[in-house]
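Below: a set of structures, written as structure tokens.
First subunit A sits with subunit B, and in the next complex the same chain sits with subunit C.
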Partner chain A sequence: METTTHVLGHVDGSSVVSNSGTKVICSVSGPMEPKSRQELPTQLALEIIVKPAEGVQSTREKLMEDQIRSVLTPVLARYLHPRQFVQICLQVLEAGESRDYTVKEVSVCVNAAVLALVDAGVPLLSMCSGTCIGITTEGKQLVVNPTESQLAKCESVHVYCLELGTNENGDIDVRNLLLLDSLGSFDESQLFKVLETGEKECIRLYTELRSVIKDKVAKDFVWRQ
Partner chain B sequence: MAKDIEISNAESKFILEALKLKQRLDGRSYDQFRDVKIEIGEAYGDVTVTMGNTKVHCRISCEIAQPYEDRPFEGLFHISTETTPMAGAQFENGNNTGEEEVLISRMIEKAVRRSGALDVEGLCIIAGSKCWSLRADVHFLDCDGGLIDASCIAVMAGLLHFKKPDVTVLGERVTVHPIDEREPVSLGVLHVPICVTFSFFNPDDTEENIKGEDNAEISIIDASLKEELLRDGVLTVTLNKNREVVQISKAGGLPMEALSLIDCCHKAYGIVEKITDQIHRVVKQDTIARNQYAHILSSENARET
Partner chain C sequence: MTESIDIHPIVFPPEVLARISPDISLQRHLSLETRPCSRGFEEFRDVAINDGNISRYSTNCQNATTNNIIGSSLLRSGKTFVITSITGGIIEETLPANNTEDVGEEELMKLSEDTDRLCENSTIYPVVEVQRGRVGGPTDEEMITSEKLYKTLLHSGILKKTALAVSCGIRRTEEDGSVTTIYSDELLDEEKKINEANNRKWSYVLYAKIQVFSRNGPIYDLCWNSLISALKTVQLPRAFLDERAADLKIAIRTRGRSMTIRETYDILCDPHKSLPLKLNEGELCYGSNYGIIDIEPLAQLAKNDDEMDVDKPTSVLLADIETEAEESSILSTLSLTTNKNGQFKAATIIGGDSKITPEMIKRCIFLSKQRSKDIESKV
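Our next item is the complex of A and B:
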């Protein structure tokens, strides 16, 4: 996974994340004053916009928006900003998959959004990371982060997001399953295998994200030393 | 969540006073265009253009469609310029009816599509029933002024770089060959229009500008966002390397003399020439990088002349 943060000048936080042929740029603005119809009396309101690389927004992008919202909502410390609003804008630069799938884009979008939220300084309760896993038709092999050609050979594909954190002892703490969306046919044992492998991959991504943030904070707060 | 960007009185006064002293905030002279950076992505027709803090991404894609009944020999070409709040808080999601958004999309449409920069007849597969429908999706990533100029460069670089899959036609049967099976074909780009935007400032009051003799109006090239907010008039000229004026657009604002228009075109030509060469150079470099094994794979024999 390649990441860059703070790439845009007119928003509060931004990031570019690319992973096996999928590339997404994410911007975060807020917390700011919402329109009255978006306002929530006790909590932070969230607007998520996903724009495809080619063509206009369709139901496919709306589905992605909805999935990303369900991942990000529990992670944000929403009670801290009542009657305020955060706008997350995700622009897919390279889809890396055909329009029949959304898995790769959703997983990269989640990772990009987390980085951009950190860059914007929006308070989070914990971190999250997402990955996608495919099961091949021949041999029933699990492929983590399949490429476009591998994806075409998969019987089922799964997108998997975990809420993660680090506890006082410095151990990684898996807190919750945020999203598991599957497409295709599979059985129970395969799904358990996906959960097992996905957890490992999510933890790996989480440590990667953490080290990116660590470097970023060290760079951004260099004036404090 | 569209919010007009506000600029404080102190800052606006500072910028205008500096302009009178021939100074701009980013240290450029009046007639200096920002350095243009053109990056080409993995896929064909994937271009990111950076000009200072302005960043525009353009993606060209194609699919097979049916041509319009009244134009059976022409393919379809569509440029989509949808704004998102990513570029700045002044843009609203899904609302492309704002004055600025409409102006940008119409200008690009006029400069690229209606000037015939793309050979749409080359997109025809079977007259009247099948043609390529080409799409240019322009994504504004960051807006620090000069969106029209940057988008125009991005679309033209994208068109020059894009390759559509090869097709064979046997009667009514069309076979589309995947890119990895047969060398894809470039588009027919007939000329490369480049937009250059001039912004005008009036150091004295409006009356002086209309009736006065001294014509003290300041004209600058490629304004940044703050300069765009403060300007009194704007002119966009589109030229190509053949010294043809593709279009001129001046929607209101400060009145100006005909001679200064010609002067502006002359200034713009130098910029257009430089950028056109840059686009060609970048596209050529990318082609060479993609074809690094071509000389090994080629079965061509050395020929005697």
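Our next item is the complex of A and C:
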């Protein structure tokens, strides 16, 4: 996974994340004043916009937005900003998959959004990371982060996002399963294998994201030393 | 000067509490080991499915001549009704210009199948409408449900492209003026060449209009079950060309080049004859949904003092989410689409607040297999 943060000047936070052929640029604006219909009396309102690599938004992007929203909502400390609003805009630069799939885009979007939220300084309760997994038709092998051609050969495809944190002792703490979205043909044992493999991969991505953020904070706050 | 003020606790009747504070209302219900809809924790709503007598091929159809619905289903689950009506169209497939023989095509299909699993799957174009007594553009929920239905069906392999291929017939006009239509599977050998001369290919496309009435819970599973039962009733009308289209060629010569012009005739649908849509029956599966919610100790109703609640579970699993209280307070949800043997076609697990443990997923899988078996027996 390759990441860059603070790439856009006119928004509060931004990031570019690319992973095996999928590349997403994300911007975060807020917390700011919402339009009256978006305002929530006790919590931070969230708007997520996904723009596809080709063409205009369709129902396909609406479904992606809904999935990303369900991942990010529990991670944000929404009670800290009542009647406020955060806009997260995700532009897919390279889809890395055909229009019939969204798994790679969703998983990269989640990682990009988390980095951009950290860049914008929006308070989070924990971190999250997302990955995609395919199970091949022949051999029933699990492929983590499949390429476009591998994805087309998969019998089932899965997006997996995990809520993670680090406890006082410095150990990685798996807090909850945020999203598992599976499509295709699979059975119970394969589902649990996906949960197992996904957890390992998400923890790996989490440590990667954490080191990126550590470097970023060290750089951003160099004036405090 | 000083007046004593009596403070009375405000007591709301249950229906008012449910409206102003659905989360507390739900917690109170859970502490009584029941739910706002007065079902048990793992109890589903009753489901009734029939074809609703909407399709032109329904047994009691009154308007078969004007009705263009070719498959339908009426699903009732609790108070919610889901009506699915399937209509269709025919599109001509674009073939390579020099496609003179058909022999290699099957091999080509097989070859591309190895590299792209979805190329042989087909799907349906669904439009979901939740009736709320107002007009306007589709809501996010409607768009998301439609897209999910489309994608799940595409990836499931329930509907194959071969099932939607049109086997085109020929309409002939005899010398005495009588008109007959002959289909390729009814043809005599010498007549087959009429069909072969015509190397155009068509396929059916299916559209589904799914209307949800009295929505009071998540709708995806209801829509999916309704869509599958509607697809099972689909009859594809037979289609034919006029014989003149099949063999009429006019040779012309312009500027020294010779070419042929074939008169174009539209493909027509037979008003009487139809074939059932062939679904991949072994792959059929049905959906169900679950919610997981933490028990809030503070919101519990007071218990008798002698009652010890040490080994009370901290979270509960609720099957088939219904009512606004449950839908707005339960953020951890599971939606599983499976058959009775545990072969999945789709699964969505969202962990909003309560922790989802593997044991809970296992329990949901067990319940969804039973639910699927029950629905299968009713479709």
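Here is the rule we use: the second predicted complex is superposed on the first by the 225 of 225 C-alpha atoms of A that agree within 3 Å, B and C clash if a C-alpha of one lies under 4 Å from a C-alpha of the other, contacts with A are read in each partner's own complex, and residues count from 1 in each chain.
In the analysis below, a residue touches a chain if its C-beta (ideal position, glycine included) is under 8 Å from a C-beta of that chain, and two chains touch if they have at least 3 such contacts.
Since the structure is predicted, the reported quantities are computational estimates derived from the model, not experimental observations.
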item	value
First, second, both or neither for A:M1, with subunit B first and subunit C second	neither
Partner chain in contact with A:E94 - subunit B first, subunit C second, else both or neither	first
Subunit B versus subunit C as contact partner of A:I25, first or second or both or neither	first
Which of subunit B and subunit C A:V56 touches, first, second, both or neither	first
Contacts of A:F85 with subunit B and subunit C, given as first, second, both or neither	first
Partner chain in contact with A:L124 - subunit B first, subunit C second, else both or neither	neither
First (subunit B), second (subunit C), both or neither touched by A:S70	second
Which superposed partner A:E47 touches (first subunit B, second subunit C, both, neither)	first
Residues of subunit A contacting subunit B in one complex and subunit C in the other	none
Of subunit B, residues touching subunit A in the complex	1, 41-43, 46, 53, 55, 57, 59, 61, 80, 82, 84-89, 93-94, 135, 137, 139, 141-144, 225
Subunit B-touching residues of subunit A, taken from the complex the two chains share	7-11, 14, 21, 23, 25, 27, 29, 32, 34-35, 38, 47, 49, 51, 53-57, 85, 87, 89, 91, 93-94
Footprint of subunit A on subunit C - complex, ascending	114-118, 140, 143-144, 146-148, 150-152, 154-157, 283, 331, 342-353, 355-356, 358, 361-362, 365
Touch list for subunit A against partner subunit C, complex	59-60, 62-63, 66, 70, 73-74, 100, 137, 149, 152-157, 163, 175-188, 191-192, 195
